[in-house]
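Take a look at the structures listed below.
Shared between the two complexes below is chain A, which pairs with chain B and chain C, respectively.
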Partner chain A sequence: MRFKTSIRNIQTFSTSLSTLGKVAWVRLDDDSVRFTIIPETGTQVWASLSIESIFEDYTIQSAAPNNTINLELPLPPLHRALKSAINATSASIRLTKKDGVPVLSLTIITNTVSSGNSAGGFLNPANADPFGDNVFREESLDANMGREREAIVTQDIPIRVLTADSVEGIHEPRVREPDAHIVLPSLIQLKAISDRFTKLAMATSYGGARGGASSTASVPKLELAANMHGSLKLSISTDSLNISSVWSGLNNPELDPRQLDGENPENHPSAKLKAAGQDAWSTVRIDGRDWGKVLSVGRLGGRVIACFADEHALILYVYLSNFNDGVDDSVLTYYISSFSV
Partner chain B sequence: MSTHDDSDHGPPIFKAVSSSARQLFQLLNCIRFAPKCQVQISNEGLRFAAEESRVMQGIVFLDKALFTTFNCALPEVADDEADSVADLPNFQVSLSALLETLQIFGATEAPSARFSRSDADGYISNVRRDRPNAFSNQALGMAGICRLSYTGLGSPFGIILEEAGVITTCNLNTYEPDNPEEIPFQRDEMQVKIIMQARWLFDAISELSSTSPNRLDITASPTVPYLSLAATGHLGSASMEFGKGRELLETFSVAEKWTQSYKFEMIKAASEAMRLASKVSVRGDEQGVLSLQFMVEVEGGGVSFVDFRFVPYLREDDEDDGSEENIGSDYGNIED
Partner chain C sequence: MPVLAFTLSPESLGKLHDALVCLGKFSEAVCIEAVHDKLTLTALNSSKSAYASFTLIEKFFAKYQFKGTGANPSREKFNCKIYNKALLSVFKGRATDPMREKDTAIERCDVTVEDGEGTGKSRFIIKIACRHGVLKTYRLTFESVSPMHALFVKESAGNVWSISSRTLREFVEHFGPGTEQLDIYFEDGRVSLTSYTEKIMSGNEVLKQPLHTTIAVDTLEFGEFHVEEKLHIVISVKDFKSIVSHASTINTTVKALYSHPSNPMQLTYSDEGLLSEFILMTTGEGRGASAAPNSRANSKRPASRPALEATPSSKKPSNPEMRPPSTSAALSLNRDAAPRSKVSRPSPPPPQPSIQTDALFFPEADDDRRWDPVNSDEEEDEMLLWDAGGNSVVATMNSGKGLQSAETQSQSINGLSRINAQTNPDASLPQTQRLAPTQRLSGIRGMFDD
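Right after this comes the complex of A and B.
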């Protein structure tokens, strides 16, 4: 069993695995990388990324068909490791064994010259006095060369290699055909407003400006709704107020006929909702804090389509198509189930 | 949608449009020490009053000049203004909710700047960051519109914010008014009147707050040190004197030495106003009630006022009889 690769989009790699859970199931094979996060409560993430979007020089080999390797990967150590790789010139990852424990070994090479004073070959930074005698301290050429140092950091993340049988039973959630699908507005804006709503509800429902309650049991539930006429509504109501934000002029993408299994598009739930007019909404209730974390994926700047199954679930498809032209196989799928009233 | 349920309540008796939610926020933020505030609507503007334990009061008056349109159709205005005051629309709303709502505007620009409010005591925050920023959306004229409305008794206080592509509707539930009496300030018995840069007061209070004191003594005297602020707490005491009073204080009329003590936390609650305002008028009356009147310059000329009043601690030595004459003579003794 061998796995070795360089990471090319460190930022994407770490952001797409944002803080939704502690452990991820990673399935690597010849064609794609799949990350799955199934927390006890909250949002499930099924991310399927094309190899090229995050890796290069990818080698994988195993006894399983299609060279599949299944790993159980703890996310916080991975996150920390990737943080130190943000400014790296190169980073590579390798499956190996240390003291009998399987680890993912992350090798990060950083060139310190970039962080040093590259223009400071003349000015000695220690001497702050611009009129001092040592302004133009002479240095030998060698000293200048020595500046270009390479730092190699190795981070080992203990993992578990999973057998094919043990992951066989894990399936993507099945959700009924959605009632509404809509392209979300800028996630950064949506997150800013969502977070403020959550904060607002927390501050007011505990009867004080000093709010900020720490109990996780009663995190406010945001109500998110969409119609098939380009509108998205985010609302929350508490004892002291009800507030809603409405985006309009959004796009409801056409259904892909291939996904309808030969069914008549007229019979699709979304067609019915569309026919019901502008005041027909499909609504889900979601945990404000969890939703805020999901929206962090907005930093990736992809196109996001939200599918609403009324009172049931919300599915977000985040398409990461902006890395390479032609490569658009990377999609992150978020399954968020709706809370009941 | 809730935007259009006016029909339930008839036409609104109050409607106003502002092109600057930020401005309203800045002013109202000065009195954020209380969870709820009293709102009174009149033909001249909106009055927001917050109070704590009947010993501290903060009032913000949003003059109609702050709004681009201001329509107030009061039900039945009696001919003589004095009698009709009681009939003015009057209710309570959650102040924290109101402030959060007004901030939704521009939530997308620099959201981090506002979350740092908790460390507002640090040195960095001495920079007056609530002053208009040349590159904010507001200044660049990109901001949307903020509409306020109120339909009448029992109906919510509505705020509609419009920003590029998003319309936010907020209905704040209104509560029965709890008309507390104003803290009486006797203008004709005024003993101290000092007008100074609000900035000096802000600096003094933030300097003194570093020892987390619980009592603040304010002393004004006709001679040096003119004005002195002394803070006392478990960790010790510190005092700040405006010794060069003649240069620092714009107006200074103090007939005789005047000393009063206040709860430090209360005075500190006004520091947001001190930060924002350009000038402050510090007044004290014979009974020791302190009035701080802040003049805030608003964008586009004009000024707004934020008023605070504080009731002093009872002085230990006049707890027995507490009559005003005795307080007066106490001062005499101290000065001798």
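Right after this comes the complex of A and C.
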């Protein structure tokens, strides 16, 4: 079993994932990388990325078909380890064993910022005296100053290698055909307003008791609704407060006929909702804090299509087209279930 | 009549605050010791494995006056112990940034200490003059306690390196949270700093293992560098981080001195008028290059945190009423220090002839007997004694020289006892006494036990 690659772009990617869960199931094979996060409560993420979008010089080899390797990867250490790579000149990752424990070993070559200015150079007290014996030793000083100093940082992330059997039973959630699909507005704007609504509702419904409500049940739910005429409505209501915000002029993308299994597009639930007019909404209720974490995917800059299954679930498809000029083979899918009233 | 009076400029106040923050990472109490020309702030952590001290010399202060109570102030000392949080809340970080809060900016800070022994009028008084004539006065109570100073014998420390505090900070930033040990290792012109944890986990727990981080750098990063090759020296990564986070607030050079595992390591650096010294206990071993710091073998070694307070109930003081007052920790300090050598591992080639590796080990069978007062004549230097009047000629713990010579003569116990207590002569202690051991060596556990 071999896995070795250089990494690129992975920083923002890990940032977005690590907010949602502590552990990811990672499936690597010849064609793609899949990250799956299934937390006990909250949003499931199924991300499928093209190799080139996050890796370079990718080598994978295993006994399984398609050279598949399944790993269980803790996200906070991954995220922390990748921090070391921020100013790196190169960063690579490989699967290995250390002391019998499997790890993903991240090797980062980074220049030390204080190159040429560290204690070996002029700061050395021995060289500080302009009249001392060392004043003419320019050769050695130059050698120190001109040299780019490299630090090699190795970060070992503990992992578990999963057998094919153990992941066989894990499937993407099945959700019925959505009633509405709509391209979301700027996620940063949506997130700012959502977070504001959540805070307001928490402050007003519990007499300002902040943060104390840790269980999701006690947090007021955001109501998110879309119609098939380009509108998205975000609202929240408590005993003392009822606010909503509406976006209009958004795009309801056409369904791809190939995905309808030969069904008549006219019979699709979204066609019915569209026919029902502008006042026909498909609504879901979601946890405000969880939603805020989901929206952090906005930093990846992808296009986001939200699919509403009325009173049932919300699915976000995040297409990372900027990673791979126009080819939509990197998609993050978020499954968010709706709370009942 | 104040014993001590000093004035701080806003800038010095900020530096004092930084120093207190750093001390707070070691202990919740800070010991203050004043003599005629300097003020020393110290903290010793609860497991007595790390000691931090900041010495402020006269030029740190706008004004510094130590009056003392007797006829000859230049030989006197004033000691006290204050809850660090109380000081921190007085010297809030605000002082460091006059631009941010112009209206409440601090203009100067006067501190006076009144010591009305026993009259209840002992107070640590801090007056902070702010802009617009606002004067804040704080009166803090303090405990009159002699500080304990860890001893470090420079002469026996053959390994030395120095490095810019900024560079050190860059290194430390790579370390993830949750690790316990830092291994420093030198081979082939490269220095490795490894942050790791020895906990062995299985199943799902494996994923909770903290990041194992190694940074390999050229020795050119260091200013001075004379370190024995292939020597693993291990300190607490948390203590190291605390030190680096303070050192990096100053553009300075941090210097490390150490000899061998199970002996203390000293880290020092200085700023204008401020001298910082840290003494940390080390573990580790001089192993071949093949062994990684977290190798299985290593994991199995008895851990080495001194378990000082482990069993107060098991104490068997030879004479109950002779129990020393608040300085009882001084006893435990030494008691703790000694058994460490038991924990140390053989360094395959005795790295330096000056150190007798064998002596770091206790005879298995009768190690506890070492503590027996009966044998005290032979090993006087290792006895724990309370120096009451400062007149005693017995070799007590507060005689640094005694210890050093003791070290050269008998390397038996004090391979470790160099983190050692010094009590103060003027402390109000009972007459010189010898205390029986309060804990069996076999019951002592190691540095990173939990």
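Methods note: the second predicted complex is superposed on the first by the 292 of 341 C-alpha atoms of A that agree within 3 Å, B and C clash if a C-alpha of one lies under 4 Å from a C-alpha of the other, contacts with A are read in each partner's own complex, and residues count from 1 in each chain.
Basically, a residue touches a chain if its C-beta (ideal position, glycine included) is under 8 Å from a C-beta of that chain, and two chains touch if they have at least 3 such contacts.
Owing to the predicted nature of the structure, the values given are computational and were not obtained by experimental measurement.
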Partner chain in contact with A:Ser240 - chain B first, chain C second, else both or neither: first
Which superposed partner A:Arg34 touches (first chain B, second chain C, both, neither): neither
First, second, both or neither for A:Ser248, with chain B first and chain C second: first
Touched partner set for A:Lys199, first chain B, second chain C, both or neither: first
Contacts of A:Ala151 with chain B and chain C, given as first, second, both or neither: second
Larger contact residue set on chain A - chain B or chain C: C
Chain C residues within the chain A interface of the complex: 162-164, 166-167, 170-171, 173-174, 176-177, 204, 206-218, 220-224, 253, 292, 294-296
Contact footprint of chain C on chain A as seen in their complex: 23, 72-74, 77, 80-81, 83-84, 98-101, 103, 112-114, 117-120, 123-125, 144, 147, 149-160
Residues of chain A defined as touching chain B within the complex: 185-186, 188-189, 192-193, 195-196, 199-200, 203-204, 207-209, 211, 238-249, 279
Sites on chain B touched by chain A in the complex: 1-2, 32-35, 93-97, 100-101, 103-104, 107-108, 111, 156, 165-173
